[in-house]
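So that you can tell them apart, the chains are marked A, B, C and D in the order they are listed, and the count of residues begins at 1 in each.
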Amino acid sequence: MVPITTLHYLVTAAALFVLGVIGVLTRRNVVIVLMSIELILNAVNLNLVAFSRLWGLHGQVFAIFVITDAAAEAAVGLGILIAFFRNKETINVDEVDLLKW
Amino acid sequence: MTDPTTYLSHLELGEPDKTFLDTNELIINMGPQHPATHGVLRVILKLDGEKVLGTECVIGYLHRGVEKIAENRTYTMFNPYVDRMDYVAAVSNGLGYCEAVEKLLNVEAPPRAKYIRVILTELNRLASHQLWLGTHALDIGAMTPLFYTFRDREEILKIFEKYCGARLTTHAFRIGGCQYETYEGFEQDVKKFLDFVPPRIDEYEELLTTNRIWVERTRNVGKISAADCKALGVTGPVLRASGVKWDIRKALPYAAYPEFQFEIPTGANGDTYDRYMVRMQEMRQSLRIIRQAVEGIPEGPIMAKVPKVMKPPVGEVYHSIEAPKGELGYFVVSDGSTQPYRVRVRPPSFVNLQALDVMVRGQLVADVIAVIGTLDIVLGEVDR
Amino acid sequence: MEPVATPFFFYFLSGLTLLSGVLVITRKNPVHSALALILGLLAQAGLYLMLYAPFVAGVQIILYAGGIMVLFLFVIMLVNIERSQKEEQFNKQWLVGILSAGALGGLFVLVYTKGSGLFPAVMSLPVENNNTQQVGELLYGQYMFAFEIASLLLLVAIIGAVVMAKKRI
Amino acid sequence: MLDYITSYLGMNTTPGQAGNVFWAVVYILVVFGGVSVAVIAMNWLERKALAHFQIRLGPMRVGPHGLLQPIADAVKLLTKEDIIPHEADRFVFWIAPLIILCASFTVYIVIPFGPTHAITDLNIGILFMLGVSSLSVLGVVMAGWASNSHYPLIGSLRSSAQMISYEIAMGMAVVTAILMTSLNKSGTGTLSMIGIVQAQQQQQIWFLFKFFPLGFISFAIFAIAMVAETNRAPFDLPEAESELTAGFHTEYSGLRWSLFMLGEYTAMIAVSSIAVTLWLGGWLRPFPNTLTGETWDLVFSLIPGFTFLGLAVIAFIGVKRMPKHPYFKIQTAGLAGFGAVLGLIGILLFIPPVRDRIQDIFWFVAKVAVFMYLYIWYRATFPRYRFDQLMKVGWKVLLPIAIGVLIVTAILGVVL
């Protein structure tokens, strides 16, 4: 069996990233779009941590920052979603076509 | 299957208060199968999140037509039926009915009977309050007082059983007095009980009165003002906790009550905690009355002269007594025959239940439970 | 601690991660998506453990799986999903989206095939025992400023979320 | 193979750290079996103790003094019809209890019953525990949502809000204790569960008494938060039976319901273990620094055996007090047998090698048992909080105090 190298992790992360991008670009449901963004962020995290095996712990520190960021993003994003749902009674992205209501 | 919303149609329910995380309005059905509705009360709650926007009580699941039954029974035959209304305070029900018919017949029970009546009724008030305390505490989450109160209520029921053979639906009194003379050692039993109970009441208070959680759960919960109480006809401890010193035992004395010293405990805020305190003090006052009665019990007959076949003169009478839950009134109309033409009962639980909506609006779901508990309703009496 | 059966666990966990990723973007019901995402996040925590990053793994579980996902589920419960399930799930430009994502994937393939020599085949073995201490020293030393900025960001996010979600303040 | 198995025996680490899969699996089985037995025992004890608080007898019929009642209950629950509401989301409904169960059982991987008696010693032990135990919120949310009914939904919303809120205060209290581990010469603390206990051993003090009263306050915060975290009285409003019938598991019955219960009790034991590890010196015996010396070591090592002998004596007294009626013959014999087993265990615990290995576990379990008893005691004594009051306690009382204690501890750690 091939020993597991950094490249393996990178490929996994890349695949996850692509999945996330597909989710963001094709789904209509805002909640799932937000979750896809989480997938993207996770792919980045995986990359960072995998690299930290090679070049010191800075990657891990960045991964922690990314997680913090994801938390903030999720909170604000879901807050917007709730405000949006209250006003428009829908959670589909392509119906968010007004800048102001 | 009816849509529950139809019941709410006549309630002026305002727009839900949209504060945080806008939830849809929720209409939930509490009961008739619900552990905290004290029987088969069904409350339809309109909620905004946890906040109560309005309530609607649906009653009648325990309706047995007691008032109608009265029209087809003789005065004496109807006597046991009233025990089945407020089965927790059966003795009080019997007392009210007997006194109403006595008023109609224009007879008066002899002094000894009156004293026995007072002793038993006050014991029954104690039993009723104990049951209320246990279940109310259980609703709020304190399990243990229930068992303590039931342990002590048992002693009262034992006295009842020894006196008349029944524990719950006692049928202790007859029109014109009492059927049974007190049994041998009745007074000793009651006196022993009087010594036994005060530390037990202290024990309940120890668990609850100063308990922070209990105080927080009951203070400022289900507040009702004296004016609202009067407008809704609320009586009993609920009224007294709002600061109105109204007790029929003092205001319109009946039985042997004028001869006893006792106080009417009142509250100030009209919240659940005050009602709790009022009832606790009432228990102590009851003990005081019983002590006076049992010490001063006169000798003599226990039955006044009443005809075997009762044919009260044509007329009507309203007689009310202070039942443990409030004013229990009997309106009896006689057409001169052996059967009452009409008997109408003014049950305290039924009238007090009206205050539920006033008391819980704007409060939380958990408070509905506390308020139902504090109103001390018995569904047998609400539905009759 | 010597790792046991590394290839097996790697393929297992990364397979789980990718499978859950696929489920996230294909499920109709957002709750099922969220569940799949949780599974993926946990699998990823496992991958971090394999990469000798226990602290990141712990943070991943406690923050992502425990915190953020609960937030998601909360929101899903509050908004009406009955209707959104019956609607069209994908938007009109889904084909364009998939094509561009495919292009991105192609780019990745290109980069990793051409540049595979950049990454040393043998991974170094950082000391696991004081990973947390080292991460902590970096966080409170070299990255102090970034750390403080992150906490400010969180504060802003809290206020922002409350302002957004609350109608009347 | 045999070498592989025996090679671990001489080692002085946990099987997980030694990388010995065989022994790790054995430990996992032992711990999970032990926890299941503990849950059963706790179930019986809770009913009995609660009953005696309430001047009742509790279960008396199945087995002597109702000892077999939990088993009878388990049989009943397992054979009950498994109901899934028609409108429920079947998959989520099915998986929710499993999530709770898995989350609460997984925690036991890092709980140290002794210096070597843990499945593994993770570097991030306490973080792992907090993280995994917070996963059970997901199960609660999903159970309430999947039931597709109002009462469970309200129950689950309440409960998840409660668990998340109290997790924060709990985390702050835990951080205080972790901070205390770093007050040594090298100045580095640890997150490993075993390391935390060893730090207490090194510093010659349980963290409960460290910087008195700071350690005590943080412990108290944790002790309150953990009751809320496990949804027990007086914070049991998610399942407040008098308000919401049964909260998030209203629609569950039979096996699935029993999984929820199992999860709840398991979580109770787990969080108590955290408290014991962080503040009460884990497996360390009481008074390790005042009552020192060979003799005291010997005396304390004999206590486990005497405890079991004492339990056996209680069982035999029970046998004596059994009514002398043919009907009770089997029950009396059963109780006597139970006493004999307890006595045998007690005697077994006096054998030196067993004694040395077992006493760590004994002290740990004894401390956890105290917490279990406290849980029962709370339940018998307190009324239930209302939701807004609960939130107020969590956010406005516990959290500020926890943060204050954390800051003061940090300052003291630097100054001293």
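Note that a residue touches a chain if its C-beta (ideal position, glycine included) is under 8 Å from a C-beta of that chain, and two chains touch if they have at least 3 such contacts.
These figures come from a predicted structure and were not determined experimentally.
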Label of the chain whose CA centroid is most distant from the centroid of chain D: B
Selected pair, greater C-beta contact count between C-D and A-C: A-C
Interchain centroid distance [CA atoms averaged], chain B/chain C, Å: 62
Distance from the mean Cα position of chain B to that of chain A, given in whole angstrom: 63
Intercentroid distance (Cα basis), chain C paired with chain A, Å: 6
For chain C paired with chain D, centre-to-centre distance based on mean C-alpha positions, whole Å: 31
Touching two or more other chains - residues of chain A: 82, 86
Chain C residues counted as touching two or more neighbouring chains: 55, 59, 67, 74, 76, 78, 80, 131, 165, 167
Interface hub residues of chain B, defined as touching at least two other chains: 18, 21-22
Residues of chain D touching chain C in the complex: 16-17, 19, 21, 89, 91-92, 95, 122-124, 127-128, 130-132, 134-135, 137-138, 141-142, 144-146, 153, 157, 160, 164, 167, 188, 191
For the chain C and chain D complex, residues of the former touching the latter: 1-2, 4, 29, 31-32, 35, 38, 54-55, 57-59, 61-62, 65-67, 69-70, 73-74, 76-77, 128-133
Residue ranges of chain D touching chain B (in the complex, touch as defined): 50, 53-56, 150-151, 154, 158, 233-234, 236-237, 240-245, 379-389
Residues on chain C engaged by chain A in the complex (per definition of touch): 6-7, 10, 14, 17-18, 21-22, 24-25, 27, 30, 33-34, 37, 40-41, 44, 47-48, 51-53, 55-56, 59-60, 63-64, 67-68, 71-72, 75-76, 78-80, 84, 87-94, 96-98, 100-102, 104-105, 108, 112, 116, 119-124, 126, 131, 134-135, 138-139, 143, 146-147, 150, 153-154, 156-158, 160-165, 167
Residue numbers on chain A that touch chain C, as the complex places them: 1-12, 14-29, 31-32, 34-36, 38-39, 42, 45-46, 49-50, 52-54, 56-58, 60-61, 63-65, 67-76, 78-83, 85-86, 89-94
